[in-house]
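Paired with subunit B in one complex and with subunit C in the other, subunit A is shared by the two complexes that follow.
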Partner chain A sequence: MKICVCVKHVPDTAATIKLAGDTAFDDADVKFISNPYDEFGIEEAVSIVEKEGGEVVIVTIGKEAATSTIRSAMAMGAHRAIHVKTDGQFLDSTLTARALKAVMEEDGLPDLIFTGKGSVDTESFQTQYRLAKSLGLPIVNEVSTLTLEGQKAIAQREIGGGEKQVLELGLPCVIGATKGLNEPRYPKFPDIMKAKKKEIKEMALSELGINEADAKVTMEKMEAVPERSGAKMIEGSVDDQVTELVRILKEEEKVI
Partner chain B sequence: MAKSLYFNKEHDLVRKAVRDFVNKEINPHVDEWEEKGIAPLHDIFKKMGELGFLGIRYPEKWGGEDLDYWHEVVVLEECARIDCGGVPMAMAVQSNMATPAINDFGSDYLKETYLKPALKGDMVAAIAVTEPDAGSDVAALKTFAKKEGDHYVINGSKTFITNGTQADFLTLLARTSDDPGYHSYSLFAVPTDLPGFSISKKLDKLGMRSSDTAELFFDDMKVPAKNLIGVEGEGFIHQMMQFQHERFSIIPMAYVWSRRMIDLAVEYAKNRIVFGKPLIKKQVIRHRIAGWLTEIECLQQLTYHIVRMKMAGQDASKEISMAKLKGGELLTQVADGCLQIHGGMGLMNETRISRMYRDCRLMAIGGGANEVMSDVIANFSGL
Partner chain C sequence: MANTAILIETENSVVKETSLGVMTAAAGETIYALLLDEDAGAVKEKLAEYGAANIVTVKAGDDLSKNPDLQAEALVAAVKEYGCQTLLGTASSTGKDLFARVAAIKDVPLVSDCVAVNVADKTAKKSHFSGKTFATLKINDDFLLCTVRPNSVEPVAAAAAGEVIEFNADVADPGLVKIVEVKKDTGKKLDLTEAPVIVTGGRAIKAAENYSMLEACADKLGAAVGASRAAVDAGYAPHTMQVGQTGKTVSPKLYIACGVSGAVQHFAGMKTSKVIVAINEDKDAPIFAKCDYGIIGDIFDVVPALTEKL
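Right, the complex of A and B next:
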């Protein structure tokens, strides 16, 4: 079985982001990680292939520096990777999905595709749907349990209120992975060493006939979130304090 | 950053792997282990062994990873991010204190029986050298191993033995002759499930509380002769060489912990307002910290110099002794100073600095006290 896992190289959510100009941030000193939801996809793909045989191919669309994220995925057990290099920090979901589709068609369509349920940087939650649509494949997002039975995938997802939905899809299909699907493994040292010898096929976005300038969504402006103002002390008698609190909640914060 | 002069992307992956493991599998349990006075080493080492963390420099044939000293430094630096001293010390005993001599001088039988399971995390190891009357003065030890046929019969006692209540085997130094001089000792791999071995008690300590430290007794304990490590009579020499690995393994802890304690103190001093200003604005505090940071940088660079010497196959015994001495002094000084910055809060066991202060103190004593290191350096310098 051939499984493709789409992996995004994202800034650590704990990183302090400093803006650089109107539409970019300074990424030189920011720690980048694999998108955490994608790691559930990598783990699931590697586990399936360990049991059933086949190969796991990582597909990453991102800047040169994304190589470290790709090597991490390989240390977890992925066999090879395709890295489509971009120049900009952001690529809209439409172009990302087009690039993923083009790569997979060129490499040979997989039997199963994993993505994360979304990426923790832009949180657009669109790429996996666009990819599935463009390939004409079924998709379930936010999958927390997955079983394969022959040419079928049985996927479970939580739909709120403690309820779970169980869906059956024919293969090939796209699975958006989320927490609960598995516990991503720690890479073993021998696998880390092997990872550096595994093949990463590199290509430019333009080689796939895609121009970053054709994005349908463009970044207009990035702004820092204003710092929260300090606590406000309400003085006076208990009655006064309660009255003032209610007034603030109603008139200033408009929460009641 | 200077770091990139020494470490490449592969090292970064190793660093990340160990850091993730420490953050997820170790640190969440440290408070509980400190409270209990023991950490479940069989469980911890099994997990670490499966990932290959215990045998960085050891040959693949014996379950190691065949990597170099740079990788080892990365692992030691990351293990120093554990929120107590006891657990990284247990790990260092397993990989750097009790097993190097088996790898360097032991027979294939000993490597198969003890080294391999230790590196895989199936056995817990301890190093049994110190005795009630023989600490840094190793040659004063009295435990005796008398050869009788195909066995050695061991009598004596060992104390302050790290991992002592959980160890499956000990790398033990004993006298095999009453003759004076350094050629009267031998090193053994001693399984702890043989008759005549007993753990007299788990010792109660100022710091390193999650580490089980024990007093061990040997009463006519018969150990097969094939458990002799290396050459009979050369145990002292073997152990002195093993000590170099032990001392080296402690050094990264010294600069990583010194920085971590400063981070805690700075964080506290930023928020602590005294006489209307944050404490960190006081010049005396700023200069004191700047001085420590400078010394930490020196120690770290000396460590990397030692790694380069080791990689080039040079003897770094003098430099390791210098770094161990400096590390012991620096940790004690920085721990004291950082606790001072915390004021009364520093005495509260709920603050992290309090535990670090207690755990740091060992560095100037264990693996050869500061004074012994000074003597070694003096000897190397022809004084």
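Right, the complex of A and C next:
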């Protein structure tokens, strides 16, 4: 079985995002990691191939520096990778999906494609749907349990309020992974060393006939979410405190 | 005044508050309120009161509810039928999924989980980097497709005609994905991501059964109950209740954090809440530096007293 996993190179969620100008951030000192949700996809792909044989191919559209993310995916057990290089800090989902599709068609269509449920930097929640549609494949996103039965996949997704949907779809298909699917492994030192020797095929976005300037969504402004400056502390006995809190919430804030 | 479609979500034949907010986001446009496979009867008046010029019941055969692709095709057909250049909905789990399918079918841009939308300018504002920044995005296309984060637009009544129409979408089932089962939890709980008020318990809750204290408070507030990761990891609450970077992103009008220290990963999931209240026994707890109102005290004293007062 051939499995492709789409892995995005994103700033660590604990990193501070320092703005640089109106539409960019200073990424020089920021630690980048694989998009956390994509790691569930890598883990699932690797464990399927460990059982059934085959290969896991990582596909990343991103800056030169994304090599570090690709190597970490390889240390988890992926066999090889394709890296499509971009220049800009942000690439819209339409163009990203187009690049992912082009790469997979050229490399030979996989039996299964994993993505994350969404990326934690742009929080776009759509690339996987565009990829699936353009390849004519079924997709289920936010999958927390997956069972494969021959050419059929059974996926479970949470839909809020404690409800879960169980969906059936045929292979090949696209699965957007989320927490619950598995526990991504921590690569051991020998795996990290081995990963350094694995093949990464590199190409430029322009070689796929895609131009970053054709984006249908462009950033007009980026701003910090205002931080609160510190709480107004409510003093007194417990009774005084809750009385005052209820008054504030009702009369001043009008939220209850 | 352009024709603008809004996908309406209902629960037990009542329009969700979040959908009314989405209609308000399109105030000033000619609103087509779309109901998927549902009769307008029970919700007609409410939709008219909040600005629906037209209320469209969209049908497409018997399998609509079991097939997300068919639902998306039906939405696309309805939008075309009424010449709408904008489609907005709620960024709920079903809304996000459906709109991404619509975006892929129409091959138009989508901005998911917006905190503000400007229909006339075709711009939308949304969170980036787990709530650390807001990006204002320009949509370079004739069609505007966005989901709006629950509770980010306060519903405002704006009476309109509320003409009821039935639309039978002539769409074929792509036959790709089928919902074979919906598993419900014991008793339908309020969805965290859509709740207007959330009461969250952190590690300080100490035992799963102590969540009943928070539930009593939440019941009085019409709130949902959340948990920190420390509480989930300790086995006090299921992961479905977790708020934060690896849990749910929520944006209620009021967030009450009980015995939560205020880690960045927790804030990543709730910092765009309108009002944040923290109850913590430690006066130096980091959360007090990042919230609106603070009470220093033992949650096992303060929460029951608060419930009593509500």
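Throughout what follows, the second predicted complex is superposed on the first by the 233 of 256 C-alpha atoms of A that agree within 3 Å, B and C clash if a C-alpha of one lies under 4 Å from a C-alpha of the other, contacts with A are read in each partner's own complex, and residues count from 1 in each chain.
Keep this in mind: a residue touches a chain if its C-beta (ideal position, glycine included) is under 8 Å from a C-beta of that chain, and two chains touch if they have at least 3 such contacts.
None of these values were measured; they are calculated from a predicted model.
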item: Per-residue contact with subunit A, leading partner among subunit C and subunit B; value: C
item: Which of subunit B and subunit C A:Glu123 touches, first, second, both or neither; value: second
item: Subunit B versus subunit C as contact partner of A:Pro187, first or second or both or neither; value: first
item: First, second, both or neither for A:Arg71, with subunit B first and subunit C second; value: first
item: Touched partner set for A:Glu163, first subunit B, second subunit C, both or neither; value: second
item: Contacts of A:Ala195 with subunit B and subunit C, given as first, second, both or neither; value: first
item: Subunit B and subunit C contact sites that coincide on subunit A, given as residue numbers; value: none
item: Subunit B-touching residues of subunit A, taken from the complex the two chains share; value: 67-68, 71-72, 75, 186-190, 192-193, 195-196
item: Residue ranges of subunit A in contact with subunit C within the complex; value: 11, 13-14, 16-17, 19, 25, 36, 92-94, 118, 120-126, 128-130, 132-134, 137-142, 154, 156-170, 173, 179-180, 215-225, 227-228, 230-234, 238-239, 241-243, 245-246, 248-249, 253, 255-256
item: Interface residues, subunit B side, partner subunit A - complex; value: 9-10, 12-14, 16-17, 20-21, 50-53, 56, 65, 67
item: Residues of subunit C that touch subunit A when the two form their complex; value: 69, 92-94, 96-97, 100-101, 103-105, 107-113, 123, 126-141, 176-185, 188-194, 197, 221, 239-240, 245-246, 253-254, 264-265, 268, 271-272, 274-278, 288-297, 301-302, 305-306, 308-310
